[in-house]
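What follows is a set of structures to go through.
Two complexes follow with subunit A in common, the first pairing it with subunit B and the second with subunit C.
On to the complex of A and B.
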C-alpha cells in the first residue's frame, strides 16, 4: 500500500510540476477570444516566416549535432581509450563549456573578436572584422553551441567505452590493427549511445534560446520567447514551440526503442576487469598537441578573453557586490532542486525499471517530453497555472522556480539512477524481502545505498543544470528572487562589458567548484 | 552501526525539510511585510538598480524588483502586469516610456496618484488624472558616423535617396521605435505616415534588433546613421566611438525631437500602498533626475534647473515634437497590424 502511495505521489509531483502547466498552455493555445480555434496552429503553417524559423532551428540543431558528434567521438576515443598524456585534465577543460550558461560562451567569444578583444593582439584587423561579421548569425551560433555541447558525445563515448567487453576487442586485435577494430567492433557496440548523444545535442539545440538570441539568429525558441515577453501572446508562444517539441519527442522515442533493441551489446563489466588501451606510439605527441590546441582554442581562449576584459580588481569587487545575494540564491535553489530531484529521480527510476504502476511508461515519456520542450514554454505554463490568489504561496516564492526545475530536469536524474538500478541484481531486494524487510526498508537500506554513487552523480549533474538554468528562471522568478544567470542576462542590456565579464567569470568559478567534485568522484570510480 | 546510519539519514531528511520550509516561509514573509515595495522595471537594470538601492538606504524600505531583459524589448514586465491583473504582485511600475503606462491605464491596471514632487514637471509629461507621471527623459536622436561629411539633420533623411541603403533603424515592432512611429502617425495622419514608412522600405533602410545594435552598426561604420535613443548615442560617445549625436528637425519649421520620458505608475490593488507612494515620490525628485543625467543612460531632467553633463542639452533648448501621449498610446495599438505587415511578420 505504502509503496503504491509513494510511487504515485512521485508521479503526481511530475504531473503537477510539468504536465499541468503544459496542458494549461496547450489549452490556451486552442482558444482565440474565448472560442475554440486552431488558428494559432494554422498560422504556423500558413506564414512563410514560421517555415523559415523552423528551417533555421533544424539547420542549427543539425549542424551542431553533426559537428559535436564528429569531434566528440574521436576525442572520447583518444581521452577514454588511448594513452594520451594529461587525459584527465584535458577532459575537464573540454567539459567547462557545458557547465556554464551557454550565453556566457557567446559573450566570451564576442569578447575575443571585439575591438578590445584578446585576439587583436594576434590577428590583423581585417581578419578580426571578417570573423566578427560572420559571428553574428548562423556561423557564430553553430560555433558556440558546438563548443557547449561537444562534451555530451565526448563524455558518453568515454563512459560507453568502459562497458565494451575487452575480450571482443582482444579477439579482433589478433587479426587486425586498432583502426579496423574500432571501426568494426568498438564503435558498432557503442553506436546506440552515440545516437543518443547526437539526439540529446539536437534536442538541447532546438530548445536553446539564449545563444541564438544573443547572436541574433532567428529560431523558433527565440520567437516563442518574444511572443511571450513582448507580445504576451500565450497561445501563439505555445503553438510556436509545439512543432519543435513534437520533433524532439519523436526522435527521442525512436532512439529509446532503438537503444532497447541494442541493449545487449553494451553490458556492464565486472569491476576490476582490465580494459584495453590504444598505444598511440609515434603519433602520441602530435595527437596530444592537436587535442591541446583544440581545448585551447575553443575553451581557454574565450575564457581568457573574459578574464582579460575583467582584469581589474575593482571590477571583481563590483561583480561580487552585484552578484552577492543572487549567487547565494542560485546555490540554494539549485541545492533544493537537485535534492528533490535526486529523491524523485530515484523513485521514478524504480517505477520505470520495475513497472510498478500502470503508467510507468507515461512517467518516462513525460519526463522526456518536458526536457524536449523549450524552457520558456514551461515557464509560461507555470505562470498561467499558479498565478492566482489561492496559489499565491507558490507563485510568489521560490517554489515556482523549483517546480520548473523538477519538471525540466527530472529526466536527467531518473535516467542516471535508472542506469545504475539496471546493474543491481534483483536477488538483493528479493533476499531482503525474504528476511522480512518491508518495501520502504528495502528502498532505504538496500537499493539507495547500492545506488549511492548514481544518486550522488545525479544530484551533482542536476545541481549544475539548475545552477546554470536561464530559460525557466528568467520567466518565473518572483520579485527580488532572481538567480545569478538571470541577473547577468538582465544586466547585459547596456551593462559595462567589464562588469559583465567579471560576473561571467564569477559564474564560471561557481560552477567549476561543484563540477570538479563531480569529476573527482567520477574519476576515482 | 546500521542503526546510527539510519538515524543520520532520518535526521538529514528532517533537517532538509525544515530548512526548506523555513526558507520558503521567509521568502513569503518578506514579500508580505509592510516595509517592502515590489517594483517592476522596464528601465535597464544597470541604471535603475542603483537608484532603487539608494531608495532602500535612505528609507529603510526593502525594494523587490523584477527587471526586463533586452530580449523582452522593454515590454515583458508590462505584459506580466497585464497577466497579473486579477492577482497583482507589483506595487509600482517604472516604465521607460509613457505609452505603455497609458495602455495600463486603459486596461484598469494602474491607480491614480499625484505626487507632490510632480508639481514642477511640465503637464505634457503627466497624465491629467494622475495615472502616470514622467521623469528623466530620453530624446529620439540621430546617431551619425563621424566619417560622414554632410550629416543628416532630419528623420526625413531616412527616406532621402541620398542616404539609400545607408541608414538603419530598430525593429519598429518593439520599444521606443514603435512609440516614435505611433507619434508620427498622430502628427502626420495615417495616410502620410504610411507613405513615410513605405518610403523607408523603398530607400532600403535596414532593420536591426534594437536601438543599441543600430548605434553599434553606425559606430562600426556599417551604416552612416540611425534613429536611436539619446542614451544609446551618449553611451557610444562616452566609449570614444567615432559618432556624434544630432537632435533632428530643430529648424524653425521643423517637426521637433520626440521626447520619451520614464514614467512611474502606481498599481491598482498594490499590497504596499504607503511604501509605493514613497517610492514614487522619490523617483520623481530632482536628485534622481540628476543621478540619471550623470549615469551612462544620460537622461534629460524634466525638472527645471537640474544640473546636467556637457553632452546633454537641457529640455528648454530642444525643440520638442508636440504630441499627446494618450493619443499616441491608442495609435500604437491601432497600427500594430500595419507594423507587423511592414516588418514582414504577417
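On to the complex of A and C.
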C-alpha cells in the first residue's frame, strides 16, 4: 500500500508541475474575454508573419540538428572508440557550451568578433567586419546553437557505443576493416539512439529563445516571449507556443514508434572483456590536431575572448556587487531542484523499470515531452496555472521556479538512474523481501545504496541544468527571486560590455566546478 | 607444419595474470578442444589467436606466419582468414540470415553472383535454406546457432574458433549440433579450436584435447 502511495505521489508531482501547466495553457488560449474562441489560433494561421516565424524556427532547428549530428557522431566515434590522445579532456572541453546558458556562447562569439575582441589580434579588419555582419541573424544563430547542442549527439554516440555488444563488432572485424564495420554494423545498431539525439536537438532548438533573441533572428519562441512579457497578450503568447509544443509532441511520438521497431538490445560487457578500440595508426596525430582545433575554435577562443574582455579586477568586484545575491540564489534553487529531482527521479525510474503503476509509460513519455517542449511554453503554462488568488504562495515565491525545474529536468534524473536500475538484478530486492524487509526498507537499504553513484550523477547533472536554466526562470521569476542567468540576460540591454563579460565568466566558472566533478565521476565509472 | 603455434604466451587483463607462458601447437585439420573451468583463460586464448588483443609476452603464428608479438598485433583480424563462432553467437540483429552471411563475403570483395551461390550452398549444408530472409530474432536457439556456424564457415577459412557455442542449448540439441559440426569439419577440412567446460562435448568433438587451469596448460594429448 505504502509503495503504491509513494509511487503515485511521485507521478502526481510530475503531472502537477508539468502536465497541468501545459493543459491549462492550452485551455486559456481558447478563451477570449472569458468566452470560448479559436481567434488566437485563427490569427496565427491567417497571418503571413506567423508563417514566416514558423519557417524561420524550422529552418534554424533543421540546420542546427543537421550540423550537430554530422559533427557530433564522428566526434563521438573518435572520442568514444578510437585511440585518440587526451580524449577525456577534449570531450570535456567540447561539452562546456551545453553546460552554460546558451546566450553566453552568443555573447562570447560576439566579443571575439567585436572591435575590441581577441580575433582582431589575428584577423584583418575587413574579415572581422564581414564575419560580424553575418553573425547577427540566421548564420550566427546556427553557429552558436550548433556549438551549444553538438555535445548531445556526441555524448549519446559515446554512450551508445558502450552499449553495443562487443562480439557483434568482433565478428565483423574478422572479415572487414573498421570503416566497413562502422558503416554496416555499429552505426545501424545505434541508429535509433542517433535519431533520438537529432530529434532532441531539433526540438530543443525549436524552443530556444535566448540566442535568437540576442542575435535578432525572429523565431516563434522569441515572438511568444515578446507577446507575453512586453505586450502581456497571454492568449496570443500561448497560441504561438502551441505549434512548437505540438511539433515537439509529434516528433517524439514518431521517434518512440521508430525506436521500438528498430531497437536492438545489447548485452552488458562481461567483466574482464575489453571493447575493441579503433587504432588510428598514422592518422592519429592529424585527427588529434583536427579535433583540438575544432575545440579551440568553437569553445576555447570564444571563452578566452570573454575572459580577455573582463581582465580587470574591478569588473569582478562590480559583478559580485551586482549579481552576488543572484548567484547565491541560483545555487540554492539548483540545489533544491536537484535534491528533489534525485528523489523523484529514483522513484520514477523504479516505477518505469518495474512497471509498478499502470501509467508507467505515460510517466516516461511525459517527462521526455516536458524536456523537449520550449521552456517558454512551460513557463507561460506555469503562470497560467498558479497565477490566481488561491495559489499566490506558489506564484510569488521560489516554488514556481522549482516547479519549472521539476517538470523540465525530470527526464534527466529518471533516465540516468533508470540505466543503473537496469543493471541491478531483481534478485537483490527479492532476497531482501524474502528476508522480511518491507518495500521502504528495500528501497533505502538495498536499491538506493546500489544506485548511489547514479543518484549522485543524476543530482549533479540536474544541478547543472537548473543552474544554467534561462527559459523558464526568465518567464516565471517573481520579484526578488532572480537567478544569475536571468540577471545577466536582463542586464545585457544596458550593462557595460566589460561587466557583462565579467558576469558571464562568473557563470562559466560556477558551472565548470560541478561539471568537472560530474566528469570525474563519469570517467571513474 | 602446425596451423597455429603459440610461443610463450603471457597475458594480463586489468593487471591480473590470465595466461602464463603458454606453448601450444595445433596441427592442420585437427579438432582441438580447450577444456577447463570458467575463468581459466580459454576465451582469452581464442581472442589472442583471433587478433582482438595482443599478448604481453610471446608470439603467435598462423600457417607459419607471425601474426602477433609482445604488445603488437602484426596481422589484423580481418587478414588472418579466421572464422569465429561466439558464445553469444553475435548475429547482427539488423540483418537477415542471408545478409549476415553476405557481409562476410562482401567484405572480401566477392562478386554478387558468386556470393549468392556460395551462401545458398552454405545454408543448404546447415539446413537453413528456407530461412534466409528471416531476421535472427525470428529464429529458434538451434537455428541461430546454425546461422552463426554458417557465417563462420562461409568464407571457407582454414581455421575456425568456437567459444562455447552450444552452451545455451538443451542437451539433445547440443548432441545433434555437435555431430553436425564434426560432419562439416570433415567435409570442409578446416582446423578447429573449440572452447568448452563440458566433458561430453569434448568426447564428441575432439581429436586433440588441451586441459587448462589458472591460465596454464595442465595437459595436452591426442584423443584415443
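Throughout what follows, the second predicted complex is superposed on the first by the 512 of 525 C-alpha atoms of A that agree within 3 Å, B and C clash if a C-alpha of one lies under 4 Å from a C-alpha of the other, contacts with A are read in each partner's own complex, and residues count from 1 in each chain.
Following the convention adopted for this analysis, contacts are C-beta pairs under 8 Å (C-beta built on N, C-alpha and C of every residue); 3 or more make two chains touch, one makes a residue touch a chain.
Treat the numbers as computed from the prediction; the structure is a model and nothing was measured.
Participant: Counting touched residues of subunit A, say whether subunit B or subunit C comes out ahead.
Facilitator: Partner touching more subunit A residues in the overlay: B.
Participant: Let me test your reading of the model: by the given contact rule, A:180 touches which partner, first (subunit B), second (subunit C), both or neither?
Facilitator: second
Participant: Could you tell me if A:292 is touching subunit B, subunit C, both of them or neither one (first, second, both, neither)?
Facilitator: Touch partners of A:292: none, neither subunit B nor subunit C.
Participant: Scan A:195 for contacts with subunit B and subunit C and give back first, second, both or neither.
Facilitator: So A:195 meets neither subunit B nor subunit C here.
Participant: Given the touch rule stated above, what does A:477 touch, subunit B (first), subunit C (second), both, or neither?
Facilitator: In the superposition, A:477 touches subunit B alone.
Participant: Mind working out whether A:37 is in touch with subunit B, subunit C, both or neither, as first, second, both or neither?
Facilitator: neither
Participant: Just subunit B (first), just subunit C (second), both, or neither: which does A:256 touch?
Facilitator: In the superposed model, A:256 contacts neither subunit B nor subunit C.
Participant: Applying the touch criterion given at the start, work out whether A:167 contacts subunit B, subunit C, both or neither, answering first, second, both or neither.
Facilitator: So A:167 only meets subunit C here.
Participant: Using the touch definition from the top, say if A:491 reaches subunit B (first), subunit C (second), both or neither.
Facilitator: After superposing on A, A:491 lies in contact with subunit B but is clear of subunit C.
Participant: So, does A:419 touch the first partner subunit B, the second partner subunit C, both, or neither?
Facilitator: neither
Participant: Which subunit A residues are contacted by subunit C in one complex and by subunit B in the other?
Facilitator: none
Participant: Under the definition above, what is the set of subunit A residues touching subunit C in their complex?
Facilitator: 165, 167-168, 170-177, 180, 184-185, 188-189, 262, 264-265, 267, 272, 274, 276
Participant: If you look only at subunit B, which of its residues touch subunit A in the complex?
Facilitator: Residues 2, 6, 9, 16, 20, 23-24, 27-28, 30-31, 38-40, 44-47, 62-73, 75-76, 79-80, 82-84, 86-87, 89-90, 173-174, 209, 212-213, 231, 235, 296-297, 344-346 of subunit B touch subunit A in their complex.
Participant: Please output the residues of subunit A touching subunit B within their complex, sorted ascending.
Facilitator: Per the touch definition, subunit A meets subunit B at residues 47, 49, 213, 216, 222, 225-226, 228-232, 332, 336, 339, 383, 387-389, 392-393, 395-399, 444-445, 474, 477-482, 487, 489-496.
Participant: Note which residues of subunit C are touching subunit A in the complex, please.
Facilitator: 13-14, 16, 18, 47, 50, 52-53, 76-78, 80, 82-84, 86-88, 90, 92-94, 103-104, 107-108, 151, 155
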